[in-house]
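Chain lettering (A, B, C, D and E) follows the sequence in which the chains are written, and residue indices restart at 1 in each chain.
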Amino acid sequence: MQLAKVIGDVVITRKDDNLTGIKLMVLQPIAADGSNIGRTLVAVDAVGAGVGETVFFVRGKEASFPFYPTEVPTDAGIVGIVDHWDLD
Amino acid sequence: MQLAKVIGDVVITRKDDNLTGIKLMVLQPIAADGSNIGRTLVAVDAVGAGVGETVFFVRGKEASFPFYPTEVPTDAGIVGIVDHWDLD
Amino acid sequence: MQLAKVIGDVVITRKDDNLTGIKLMVLQPIAADGSNIGRTLVAVDAVGAGVGETVFFVRGKEASFPFYPTEVPTDAGIVGIVDHWDLD
Amino acid sequence: MQLAKVIGDVVITRKDDNLTGIKLMVLQPIAADGSNIGRTLVAVDAVGAGVGETVFFVRGKEASFPFYPTEVPTDAGIVGIVDHWDLD
Amino acid sequence: MQLAKVIGDVVITRKDDNLTGIKLMVLQPIAADGSNIGRTLVAVDAVGAGVGETVFFVRGKEASFPFYPTEVPTDAGIVGIVDHWDLD
């Protein structure tokens, strides 16, 4: 899983039926020191995250677990909103 | 999931039976600022996307969900056509 | 799997129910020569690792195996604490 | 999925039983403009591709679908031979 | 799958129960020209490979297939020992 900032959302015209009603957010992954790392991506949201919040997200089929039994065709999903993290 | 432009399509001579009748498109992934990022790839199309459209696609086994129960041997699939996206 | 140092932990405000009670650690992957490689990431902990320990972790759905039958939505998990390794 | 050139094959001495009788080819991934991109890799072949042919291949568990019900332990497989592709 | 050299092994103090009795090797991936590419990693061994041998390994859940029905929490596994490979 990676930490990320929610930086936007996506409006879709046509999509797979199993994505109906699901919010799609644009994420910028961040490193443990808070700096941006890697590509922006689009993720489904299972926890009600808003633009500007720090979240953590999963990649892969696991991203669809929170929507079970709907088989959401996604490979990235927000699964938690971060309060803070501590480094050694 | 990532945003991408559909930039072409692929014509196949021999293929796995479970790919019969499925459209194969060439995608160029794009970042949230619209710039090209990363490698072009080949994806199956579940929503009827055309060359020139902006789409979002999934990687991994999830790409075959829209074709269930056919076990399409793919690791990338277009699952939505993008109208626009908003950044904070 | 990769070797990593546990460098911190994450405090969450809201999260998917299947992550309740699960410890989330910040990892810095390391190479066989002990140097840092690649991005920090967040992993679930199945073996009771503490900050400062050297561990190895798995990526992908396999990270949720130790928590079965709970379907933990994670893509990274600590599965062992390393005593040492030998190179040829 | 990615486009690739078949550039060689691999001869194995000992292997997992479920790989018996399966051809292993060395692939060089190529971009949509035909240039080499990324690392060479080893893939199983489900369509009878030969050295020198242009193919497309899948990554992940999907690579073992064509051999079902044998659980081939592979993460890359050739699933089609390319005639040509068109770019916009 | 990728070609790799076995360059070491790992000694673990605490680990997930399903890793008991399984050998953990340190691998250096190599390209088709024999040069080192990418990061060292830790892989389970299903074929009895020794330090110094050239092997090929799979990534992902497929790495646990040879140990079925034990659900080994791994994302990399050696599945064959290479005699040689031929390039075009």
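Just so it is clear, a contact is a pair of C-beta atoms (placed from the backbone, for glycine too) under 8 Å apart; a residue touches a chain by one contact, two chains touch by 3 or more.
Given the structure is predicted, the values throughout are model-derived calculations rather than measurements.
Colleague: Following contacts chain by chain, what is the lowest number of steps it takes to reach chain E starting at chain C?
Modeller: 1
Colleague: Which chains does chain C share as contact partners with chain D?
Modeller: Common neighbours, chain C/chain D: E.
Colleague: Do the two copies chain B and chain D share over half of their interface residue numbers, or under half; same or different?
Modeller: Different: when the shared numbers are divided by all numbers used, the fraction is under half.
Colleague: Only C-alpha atoms count here: how many degrees separate chain B from chain E in terms of the superposing rotation, rounded to the nearest 5?
Modeller: 145
Colleague: Can you work out the whole-Å distance between the CA centroids of chain B and chain C?
Modeller: 31
Colleague: Measuring centre to centre with CA averages, how many angstrom lie between chain A and chain B?
Modeller: Result: the chain centres lie 19 Å from each other.
Colleague: Quick check: what residues of chain A touch more than one other chain, meaning two or more?
Modeller: Counting only residues that touch two or more other chains, chain A contributes 60-61.
Colleague: Could you list the chains in ring order, beginning with chain A and heading to chain C next?
Modeller: The cyclic sequence of chains is A, C, E, D, B, beginning at chain A and stepping to chain C.
Colleague: Under the stated contact criterion, what part of chain B meets chain D in this complex?
Modeller: The touching residues are 6-16, 18-19, 24, 26, 28, 39-44, 51-52, 60-61, 64, 71-76.
Colleague: Can you list the residues on chain E that touch chain D in the complex?
Modeller: By the definition above, chain E touches chain D via 1-3, 29, 31-33, 37-38, 46-48, 56, 58-63, 65-66, 68, 77, 79-88.
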